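Shared between the two complexes below is chain A, which pairs with chain B and chain C, respectively.
So, the complex of A and B:
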């Protein structure tokens, strides 16, 4: 732990600069206003050469892609063994996995997710609620003391609080549906752009051993925390048993995918079914009418 | 008098709680044997008996009603869709003046997409009662190149360089003054 701090800012900058100068030829390595956290751990990802024979495209996007955009590609991997991580290539829709990186929307959706469920139960008694204090403690004039009307006024020790938190307060608010959808798209885009998105054909595992799962995660350099997402809620037993004891590996159905979970886990592993489900659901919002009545009521082409 | 057996509990009014309804139905169950005992004597039947006779006649009337689900198609065709349809193909402009985007994407460093209802995304705004601006949205690619082209075009039109604001986060350009018709025409000529 101390080694990270001792390495210092200069070494970190040099390492980052070396990586960036290779990608952006001709430009300076690092922008001058870049803030680097002092405990940044640089994990050197190994670059593997592409296979010499043609790579099969195992899944194409079902929805139409705009003519000026090209689909993004990701390797199709498998959890069956440690080495099965280049089965083929999967095409991802650019309107879900390559949108404009709106970090402000990502922040807004993350803050909304934290706060809309919050009910703060803090409550203090005001001068009306503190027991006692109905009687004037002494006469208005003549006693020589300051004039007071009740022993529970906010001026008094033991008196009520004048402007304290009053009762359960709700912090509920809803962001527009399209903003929340855009947040999911931006999060998926960011994961893909940072090489933290992996696509798996299914979540079948040969053993329920957590060590096997951790070995795969470490070997394929997926990061410290991994989120497995499948389209339906029926997960294979082996994966559930393996992930049950692990703190850093979690499993989630695709309807539960949210920006907070994606930001919390370093790496996101989607099954092919989950990719199809997410593309279908998120692309529907791009070409839908504004609702005449809530979507939970029946429409002719909405399930 | 207890509640009628043939009516569901809900129709008795929302004020009646479930426990009260349960109590009343249990009371009905206890009253029933009394009716059965009275009937052979020929005594005027109790209130429950009168109710029983009324319910049997309505059951006969109900059997004359025919249930059919074939007319539901008249309801189904009224339920609206959610997806915006793609516009039909026209030869040239549509009768309303609408023109589709060109089949070939223009060879420019930027792209302006259509709105979800297939229109050109140029909007006017009027704030403070007198401040006119035009907003050009849904831009992708090199936004500064588009801003240069917009400025060149509007300089030819008006004679003075328009004030513009480029928002790189939302990828939109705001121009001082109302130029929506001109910019829509210009973008359609470009093929967006």
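So, the complex of A and C:
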């Protein structure tokens, strides 16, 4: 399997390598232990020019940024027409959108999301629960057959299972709150770093036509699947109707944002309100006190 | 390669050129998941399965913990002595050094413009008091008295003489007050108590063993005579060799002279009141019997 991946590396290196042409000349930025599956499809996306100083900055970060960091910038787009995709630039807080890309934390949070809700209902009967088997089948000595105490012991056909799954088992566990918060930050960072994050001023659409939405997605090369996130649950009707029939386009309120959804969809589209909401909620955990009582009870500084 | 000064800078630059992070690309860090050694399986878990060779060890018939083959075991040979007798009835106090207090004040976790209470200390996460573990409050200790320089109105449950001297030398006011278990729990975690909808109880007076402490002026007890306290302040200033600053001429005199009533738990809230946090209202009792009870 390792050989398969390494040979794939030489083939796919061409496609990935094209993205390197604008970066460092003498050194290959691909790590040597990279595993690339041979069936990887790299869709070439045309590179957008990075925003320069003459572009208006439409939104600055509300929270303070540490002096050694600089905010990240993203284009502000709109869903009103297919051409309105460079209205200005918004600044994104580096402590939310440019943290260390901890893939292991992403993995841990993804596994947690899958498993903490899992209750496996598998149950088999043990020798005590299988019907019958209370009487000794034949006398201990004299019959010439092996000695047995019950016809439902695990040795017997039709007998109980000695070490089977016992009853509903819960796989519930909670990762520390800060790890889950970090997972969200790392997911947002990786989306921004790999150009899959888009910021939109609001989700207003001129028509409820799904084709219009798909046209925008295809024209702006957002990818195959898109996740629209807004701060509150009241979404514009046009967007809800357009996305209702589409399998690859989904709409989510910001409180429901989670690592699994972000990784499942290729592109993430946040509204400006959602960006403000996420920054406020996620940055609070960086400088909060340890809880005295659960956070569901009121705190004076809870965002 | 130039070092990026941003958090995760280099890693994010590398990430830009890698395939999209998706559900198919996730894996834990190498070496994070180690397969466990299962008993009864394979060359290293199998054979005797970690049970040893013959004897009670392999056959699972070892005697009880502490058995020494018939010799009088250690836990019976040593005579009993009441080291821990009554440990659950002994009051404990969480120590708070003046050094830690100065640290909290410097970082802004404790506000000096208001009287400092156990609630303020706990809110600033300066101390952790566990009333269920027989904690009766906070003990102010003079470690760091030489660097302490803040004028505060503080109320603790116990204080050493040196700590009292250090506070008063800087023009502050210190009082010691008694909180019984229920009042202490409410004082440390007021929000869950207010959400329970119960009226604020009146603080109980100290028991026999503690009355002496809290009526003594040297300890600045809340039940002591104010004139005796003034005399004790002068004596302490003479003993430790500092000039006692006159508080009455201070601009913060009103704040420094704020003291709780002997039955009051919170400043500004009297016993018997119910605090409704959802509607931001306070309900006060009007029935005569209740008023008589809570007023006593």
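Following the convention adopted for this analysis, the second predicted complex is superposed on the first by the 277 of 303 C-alpha atoms of A that agree within 3 Å, B and C clash if a C-alpha of one lies under 4 Å from a C-alpha of the other, contacts with A are read in each partner's own complex, and residues count from 1 in each chain.
As a convention for this text, contacts are C-beta pairs under 8 Å (C-beta built on N, C-alpha and C of every residue); 3 or more make two chains touch, one makes a residue touch a chain.
This one's a predicted model, so the numbers in the text were calculated from it and none came from an experiment.
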First, second, both or neither for A:292, with chain B first and chain C second: both
More chain A residues in contact [chain B versus chain C]: C
Chain B versus chain C as contact partner of A:271, first or second or both or neither: neither
Partner chain in contact with A:104 - chain B first, chain C second, else both or neither: both
Chain B versus chain C as contact partner of A:68, first or second or both or neither: both
Partner chain in contact with A:150 - chain B first, chain C second, else both or neither: neither
Which superposed partner A:302 touches (first chain B, second chain C, both, neither): first
Touched partner set for A:238, first chain B, second chain C, both or neither: neither
Contact residues of chain A, present in both the chain B and the chain C interface: 68, 100, 104, 289, 292, 298-299
Of all residues in chain A, those that touch chain B in their complex: 66-68, 100, 102, 104, 284, 286-289, 291-292, 295, 298-302
Residue ranges of chain A in contact with chain C within the complex: 16, 19-20, 23-24, 27, 29-31, 34, 36-37, 40, 42, 68-70, 94-95, 98-101, 103-104, 106-108, 110, 189-190, 193-196, 260, 263-264, 266, 289-290, 292-293, 297-299
Touching residues on chain C, where the partner in the complex is chain A: 1, 5-9, 11-29, 32, 122-125, 188-189, 191-192, 195, 277
Residues of chain B that touch chain A when the two form their complex: 76, 79-84, 105, 111, 113, 116, 140, 169-171
